[in-house]
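Sharing a structure, written as structure tokens. Questions coming.
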Amino acid sequence: MRVQEAAFSPDQLQRSLPAAGAVVTFTGNVRDAGAGGAVDSLQLEHYAGMTEHSLQAIAEEAAARWALAAAHVVHRVGRLDAGEAIVWVGVCAAHRAEAFAACEFIMDALKTRAPFWKKEHGPQGARWVDARASDVARAQRWQLPRTGDADGAPGG
Amino acid sequence: MRVQEAAFSPDQLQRSLPAAGAVVTFTGNVRDAGAGGAVDSLQLEHYAGMTEHSLQAIAEEAAARWALAAAHVVHRVGRLDAGEAIVWVGVCAAHRAEAFAACEFIMDALKTRAPFWKKEHGPQGARWVDARASDVARAQRWQLPRTGDADGAPGG
Amino acid sequence: MLRVLFFARLREQLGCEALELASEPGIDSIAALRAALSERGPVWKEALADANLLAAVNKSLAEPGTPLVSGDEVAFFPPVTGG
Amino acid sequence: MLRVLFFARLREQLGCEALELASEPGIDSIAALRAALSERGPVWKEALADANLLAAVNKSLAEPGTPLVSGDEVAFFPPVTGG
């Protein structure tokens, strides 16, 4: 788990993964348009300390749920330009079903549980990005019948 | 779509993808053990001509089903050593749900429809790899209520 | 003593990033703390009325009923939008 | 005339990679071709009896009922194991 201001390169991270039968990676890049129009850059705020704790808990949950050889997450904070990579998840497993499921689970959990907030900057000024209901719905797909979710349910 | 004898590097392929909000990649590597024991190398046989046609059809089906910016597939044939990358799929889309679904669909379809056959070579000799029932089950998850599958159903 | 943090849009609305609050017997849960903070003025009342706000206690997501004890670090923030 | 190809384990079992077959009125489908090939001897009968074998006509997956016409390229092969 890494939370960093510095830019990273997805291809370099891909190279850093251990050998395994199946490797699934996700790279999220800053889009050049948001709900509020054109986007020149993003300001990524986070809750230092909780961010790392949250990403660690999500990765451990994935490792408890699927047989994985590795699960890495890198997320940027601070200022990012359109087109830059904001998040990268790399999962290795013996078989592809586990690698796909764990990688998508990590992203869905990150989107709803990890304390990051985006502010878009564009020609119209700055605006906070709204959370998407579809992200909550996607995260709920992973809920087990009996949940042992150490992070607790979002609420409060 | 590329079918090639030459080795490829997943990180280089990752770099070749166009910019998009969400990028999902799958890399399949030759495992060092199969159902028949230790594996030193694989011989990948294919049906030249049908292979390319089949991968193209699968990618077009993915593009018709999800809003994608790109879907690339590279698959090796010939002799591969344990640990080498055998297949790579890279999918770009504006949103992650589409990129994950299309990448996994392409792999599931490739596993059941693209004419490749593996022969494992190890200390015990050589043996053809058996198809896995779980791969058929995974591919069936993607079947639409009314199918417009141009490749037809496997059978014969 | 409770340390309370605010993030993102909520931080801007309140004009406050962090505050320290003397422990009081009544402030024994997230819901109770939220009610107490709402008394700080109309801006606080309005911002904290947002049903979508999330809370964390000691850097773990919490629920309205999550108990608080002196020394806890509590955070309130809008739904997260990373990734 | 039909061109018939065999792949992988099936190719090895038959000791045959490709053959050409004069068109005959009765050989008008994948199922009919498969029955005709099974008559070539016990090895062919046994290998082609495998219910899991797949077939393709002109490089597209086919079904037992897929019709054949002169000039078609037909292939028989075991379930695929790429990726």
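Should a chain be cited, it is by its letter among A, B, C and D, assigned in written order, with residues numbered from 1 in that chain.
In this text, contacts are C-beta pairs under 8 Å (C-beta built on N, C-alpha and C of every residue); 3 or more make two chains touch, one makes a residue touch a chain.
Treat the numbers as computed from the prediction; the structure is a model and nothing was measured.
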{"item": "Smallest count of steps, each to a touching chain, taking subunit A to subunit D", "value": "2"}
{"item": "Label of the chain whose CA centroid is most distant from the centroid of subunit A", "value": "D"}
{"item": "Approximate Å spacing (C-alpha centroids) for the pair subunit A, subunit C", "value": "24"}
{"item": "Distance between the centres, which are taken as Cα means, of subunit C and subunit B, whole angstrom", "value": "49"}
{"item": "Per-residue multi-chain contacts in subunit D, two or more chains", "value": "83"}
{"item": "In subunit B, residues with contacts to at least two other chains", "value": "28, 96, 107"}
{"item": "Chain-to-chain touches, reported pairwise for every pair that qualifies", "value": "A-B, A-C, B-D"}
{"item": "Touching residues (chain side subunit B, partner subunit D) in the complex", "value": "28, 44-47, 49-50, 53-54, 75, 86-87, 107, 110-119, 128-131, 136, 150-156"}
{"item": "Footprint of subunit B on subunit A - complex, ascending", "value": "10-12, 14-15, 19-29, 31, 83, 94, 96-97, 99-100, 103-104, 107, 134, 138"}
{"item": "Residues on subunit D engaged by subunit B in the complex (per definition of touch)", "value": "5, 7-9, 30-31, 34, 52-56, 59-64, 66, 75-83"}
